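Listed next: structures, encoded as structure tokens.
Here chain A shows up in two complexes: once beside chain B, once beside chain C.
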Partner chain A sequence: MDRRRFLKLGALTASTGMLGACGQTAQQIVPFVNPPDDGVNPVDGFWYATTCKECNAGCGVMIRTVDGRAKKLEGNPGHPISGGKACATGQAGVQKVYHPDRLKSAMLLSGERGSGVYKPISWTEAVTVLSDKLAGAKGSVFFLNNGSNDVTAGVANAIFKDSEKFVSASNHDAGAESLRQGGAALTGLPQTPYPDMANADFSLLLGADIFEWDRSPVFYSRSFGASRRDRPSSRGRMVYMGSRLSSTAVSCDKWIPAKPGQLGIIALSIASVVVDGVIEKGLARAIPRNTLGRYSDALRKYRPERVAEKVDVDAETLYKLAAPFVNEAPAIVIAGDGVTGYSNGVAGLDAVELLNMISYEIGKEKLTAKPRSTPESDQDLKDRMLEWFGPAPRKQTFAKLKSLTEKMAAGEYAVGLIHNTNPVFDTPNALKFKDALGKVAFVVSFANVMDETANQADLILPDNHWLEGWSAQIPDFVPGVVALNLGQPVVQKFQETKAAADSLLEAGAKAGLKIPAANGEEYIKKVISAFRSEMLEIPPALSDKEAWNFLLRRGGSWPSENDTELTATPASDKLWAFKGNLASDEPVFEGTNDHPYHLHIYQTVFAGRGSGVNHGWLQESPDPITTVMWQWWIEINTGEAGKLGINEGDLITVSSVHGSVTGPAYLYQGLRPDVISIPAGFGHTNYGEMANGRGANAMDLLGLSMDEASGGLAARSQMVSVKKAGGSVVLLRNGNPDGEDKGEAFQL
Partner chain B sequence: MGKIKVKLFNYKKQNDYKWAMTIDLDRCNGCGACVVGCQAENNVAVVGEEQVEHGRNMQWLRIERYVEGTYPDVKVRFLPMMCQHCDIAPCESVCPVWATYQNPEGLNVQVYNRCIGTRFCGNNCPYSARFFNWYDSKWEKNQENQLNPDVSVREKGVMEKCTMCMQRIRRGKDLAKDEGRPVKDGDIQPACAQTCPTNAITFGDINDPHSKVHDLAHSGRAIRLFEEKGTHPAVLYLKGGSGNVY
Partner chain C sequence: MNFWNSLSSTAKMVAGALAAIFVGLHIFLAIFYFGPFWFGTHTPTQPIAFSHKLHAGTNKIPCQYCHTLARRTEAAGIPSAEKCMNCHGYVKAESPLIVEIAKKFENKEPIVWQKVFDLPDHVWFNHKRHIKKGFKCQRCHGPIEKVDVVGRSNDFKMGFCIGCHRDNEAPTDCWTCHT
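Then we have the complex of A and B:
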């Protein structure tokens, strides 16, 4: 071959290759150098406002999508809860769209219940099956969710509300109902006011794990940061009282390990010192003196000297804790599971509210740290809006779930609808929810990954991931404002799923039931048109379509900080009309003399009640306190473990009257010696390969003790025993195990 | 032997920006939002339980926690730890192929396709902030859909570490250039800083006397980790507060 011929051939081959390559890839080339006409660079992606549904807090978020795929979640800077921030679990939610365990289509049970044998069916078929069952049920239907006030709950309520048998119950985090009702008798308000931590000099946290799963971790974390360092005048100080040095307690300046079940009494004790201090110093003249006198009398039996021994905190400390309230308002108290987890929860919350109200009266001239509650006019609006989204949250109690379970067990229900909750896994063992579910004639689950409850269903109608469909929600925890969160389809559906509300509406229509709208999107539009005139932030000149787009761009409707009086104070006549005597009963514990330890079940930042355990990002993130990854553990006080001859990783068995669990011990200095602490959410049996068989389910230990005043589960009332089970495992912890005490190396 | 004199790069005169970060330990509550935010933004692999057992987890940003004292006087402290972007970086001088070097804006950068995986840099890093890819990263089926197209997925045999979200810095600079202005304070936020619910992390140009990071770095609370090693990190920690609790 001569040189000329070689070059010719070479050129031909090269050009053919290039042409071929162009032909193959031309469809995929993104024109980065030639921006498209609308000026949006597709590589930068698009940002959509929507609402995170990983928990019930209702954070407004922004999602970045590129090429039709969701890539990243950030907080929506304008949103009153998230304020542009996000938590670990919310961010992990994006990856759940692409979770390998997602169900691919509607499925009908084709074997025994619990066998997990399902056959895929078309959506037309699935809707027909559901509509036949709904038509045959004649209103004997229940709806159960996680306590979210969303479209699905609203639609279920609207379809079945005329039926006497219909019940809409909620399987929410323990203690939520007490927190809503606490102080209501005292303040006369329908909603417990939110103490403004962001502007407080001193915050006393009574068993309130506010950075974990209690209410809104993102909102409270923002408040915490602001209290600490955003106020040039002073650095916010925090004291945590409770039986475990939790991730929240660690961030406080001091931890006081008070006796379990006594935090309500401690609040009363501090209140007694504060009331007397206010009288003595002549503070807060707005409060009628005779009211204060009566409070003082009622609280006398809780003076620090009288209760110190019982609550295991010395009197001097209690006086010191009261001092900031009298001396240097603004000071606030936040109560949490440490108060509500016992049978005397609501009584303790009354004392907490009294402290907050007195503190507000002392400090209101400074115009900081006001208790934020919804103004009464807005509360009316909120109530009217909530009617569209299921039962009012304050009516959703554990007692209601318990009574529903009893009726299920008696075979009273023909159809059960279960949305976004996993009660077979995360309700106390003693509730026997699984057995009761077995007595329901037809169970429908809307789960989009298989879980323990879906595995007991006859029909599974996988709901969209929250990034794939329309949603609307009234967040129940919004400080002082009424918000309507909106969610929109940010990405196309990744699997053959259907919004739960749409499934219900289609089946309802087919069954001849009265439906409130044709589909979920229409339902949301109806809500907006009903309240359009009261959504003051929508410019009046906008047409309905423009207003809809305005709200979608914004992520929902909420008044801006400037629009509203956030700090409605309770009407003083209501607050200061002395109601009964403040008192707290002794907590009731469940167990025998063979059960010397208090059981403390808590939700870790990453696992929650179990939803985080099938996620790689969350499982591989070291737990903030133990730094354990991928595993489950049982916490025991280091000194106590020494007495029992238990070392880290030794397998121990924790038993209550209801059951027992076995797992590796983690020795922790930040735990009372009379407490055993166990993270919830582990021990799945049917939640995908990543989650199954990791640890044991702490709920196996739990009974049904309740706070009768609120109807809430007293989840900390259980007593347990501990013994070595033989054998040990290596706990997978982050970093060098010898590095426990290196804080000083960094001169922190 | 007299005191060793070290010639510092004069970023102020030579370059437009000197990126730096402050982390306020008094605000950090150890919630881990930054850890997951970083993982999502930078395509950091999940290695699984078995590899974690070998100490091969990859989080570019981790939260160290220290327990001091015994019950009931216990104090636990959190310290978010990532590449400190040292001005005089011990990792750079030991790399035989110049895969890691100091860029003109004060960042310690890693060139993945230059790296031959000697792991000398990881060995020399006093902060344990560098991670080696023992295997090609695999994502569970479908999960590659979430990968950030701005960040390359690293392959077996290379080191990786925090880049201070280089892709975001580039985007911020490009935007400013298009608008014919310098980068404004707050234009660029790494994923960790953007997500941090307590606002503990602040990023910016420490050369700009009006930037927030400049203010905080000069607030009197700033410390550098292992200052005695003379690495001059670009990450400054703001000490926690103390004083009367009650």
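Then we have the complex of A and C:
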């Protein structure tokens, strides 16, 4: 073909294409033959109550569906945690249902482990493979999840409970066990504390990033709003102490950059001033004076002037922080990773709990506090319910996960069941979980998108998205009440998936194992049947079927305000029996003299531990502090960066004794000079197109230092070094706190 | 011509291609702008010769008796076959057209209507808001109760919307409609 003819044909083709685009395809309208029920509006859709599973907090939510598809998530107004609110991560949950990376069917490994070569198999075949393996394992099985007490955990434990070799472990957020264990010596109840911020005049946050990824960001955001706005008497004040000015810290009135690992000492120091103040002013008469005297003696060594230099906060500030506990009570302390992330976490939390309980007693006398107590109203009921949903949270520790990993590495397990967690990616590098997993004879993953752990599995049985199937969960953190969250299928299944509990039950039955129910739905109904008499909110006249529908419409079971006095007895008896156990050891740090910086790994609002990184909606949301989008960064104090000659975007390498990561520097004034801060959850290698290759995995730096008192991972104990790696990149930011508008393009 | 002849063959090819794109783009825009569907009269043939004149005009059935969603949602909605049969199970049940509808209704087969009024995907219109504000359907859809076969009587260009928004002091921010 000559050039002239080529040009003619090209022009003709282009013109035809453009003209073709001008045409309008026939627009048709297909109305209903029979419209839906009266009163139903097919455009506005249907609302269903269910439970969000994007994190472990357990928020009750409402889902709007149109034509069997999820369109919008909102909080369930009646739910004790969410109270009608929802966070960005929950809102983005609907996108995960229709995620392009979702696995389309059950898959069996057909290549080497880790090769990612799988062949799709039918569910009948998949269940048969699993049942054969379970039958052959003779109880040598482990179940690992993210710490959720849900139906899958309950079913796995029920099937294998008679096997001595069976272990059910949890790969949960670092520090959760220390949080539960802290104050247990005082209260007698190892459980996640509930400091009632909504009713407090003054809140002291000790490294507690409660609006990001803590006990429940939604609950605490609500409490924050209530404390600020809903109390006509006074506007709640908040002070944040910690190494980094986090999203939570910027919402507070003041940030005090205390020395890493010393927040426990600070709590003890404030407690020493408060106890003496209570004695001096004759407050809290319910507490025996001799008990207070003994506390006073034990705490004397933590007086502000004695510890000020050590904790890098002047004595005057410590006295000021103590004053509200005596003068303005109710004041509360909320502890978070800044306390639990060190080897002395539990000791610090004992002091925190003591402060809260004394403050409660003072506040009670002033009648300004709504008397919700720290412990939950009915621990016994919660314990009995938990027996249906896997081991109680207080029994799940990082130490247990470590022990499991060691046994895996020793080749002790025939079958490993991994549900809703990605330990190959998000456990410390030093744990060597991936290597240990390689020694397990047969690994089953229930992941519904490919991730680093699923990629090491022999069999993948994709679980439903939580909007597609039945679920029930006992949330660990429920303020003042015991709750059973329910989830129901609210949308049509997007792929050929099956509920993990159903897969286990079917395979268990086929393997001849004793199964607790035919399927997950039946299991939940059994639980409700067992506790029906104690679920006071269910009208007694309802039949079982009506009660089931009643609970589904409600989103679960929890006492309504009328059914229960949210006035559980505080553990005063325990408190007043002074045990003299208030002492804080020095935190132990891991590193050498070549590692001068404290490593501060944190979860961003959107990325979490990594689960949010394959989310388009979350990735494109600017980080609340750095405003970085679609990227990962390493934070360094602005002054310190100046000394090292580091500018924004310069590639820097952070190294610990366990490994190193390289990424662009973000210069941040809201960071102590002796701290390097890194968001967790990035650096995926096998989590889909949106996540892979974005940043590096902060877990590569982390060792296995633990808080021995709780068995929790001391995730902030690592020391690191920093050096320039050469080169730099442009950080994609949506404006920044200095007023520059580097990301104007994103503001369209 | 001297200038044209002085160009190399590659330059001529590029210039020719640019000219073709330029002309093609204008043809495309012209067809898009003046094309009958979006912005012109559009009177498609419907599967059932339904007469708005007979129903809404002669018999004075309110628009929202059939288009029940208009006051409740963004879309006005097209009535279900069941809605037709509510009356026509008794009224003119023997008429050939009604028999056709009844047959489809019994077979659970929807009637596929041809869309008359539509807006481009980048325009968001909410019926509910306009109805609640008290506007008559005819304000946009024209004297629909006077015609047997519905066609587009109004030009739905942006000026049509903006003019009315201005007259009624409704918002004219871009994102009011382009949301």
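The rule we apply is simple: the second predicted complex is superposed on the first by the 682 of 748 C-alpha atoms of A that agree within 3 Å, B and C clash if a C-alpha of one lies under 4 Å from a C-alpha of the other, contacts with A are read in each partner's own complex, and residues count from 1 in each chain.
To be clear about the criterion, a contact is a pair of C-beta atoms (placed from the backbone, for glycine too) under 8 Å apart; a residue touches a chain by one contact, two chains touch by 3 or more.
These figures come from a predicted structure and were not determined experimentally.
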{"item": "Most chain A residues touched (candidates chain B, chain C)", "value": "B"}
{"item": "Touched partner set for A:D44, first chain B, second chain C, both or neither", "value": "both"}
{"item": "Contact residues common to both interfaces of chain A (with chain B and with chain C)", "value": "43-44"}
{"item": "List of chain C residues in touch with chain A within their complex", "value": "9, 13, 16-17, 20-21, 24-25, 27-28, 31-32, 35, 37-38, 69, 72-75, 77-83, 104-105, 108-115, 118"}
{"item": "Chain A-touching residues of chain B, taken from the complex the two chains share", "value": "24-33, 35-37, 39-41, 46-49, 52-53, 57, 59, 62-72, 74-79, 140-150, 171, 191, 194-200, 223, 225-226, 237, 239-241, 243-246"}
{"item": "Chain A - residues contacting chain B, complex", "value": "43-44, 66-67, 69-75, 84-88, 91-92, 94-95, 97-100, 202, 211, 217-218, 221-222, 224-226, 228-230, 235, 237, 239, 245, 247-248, 250-251, 253-257, 320-321, 323-324, 494, 605-606, 616-622, 624-625, 627, 629-631, 637-639, 669-673, 730, 732, 734-735, 739-744, 746-748"}
{"item": "Of chain A, residues touching chain C in the complex", "value": "3, 7, 10-11, 14-15, 18-19, 21-22, 24, 26-35, 41-44"}
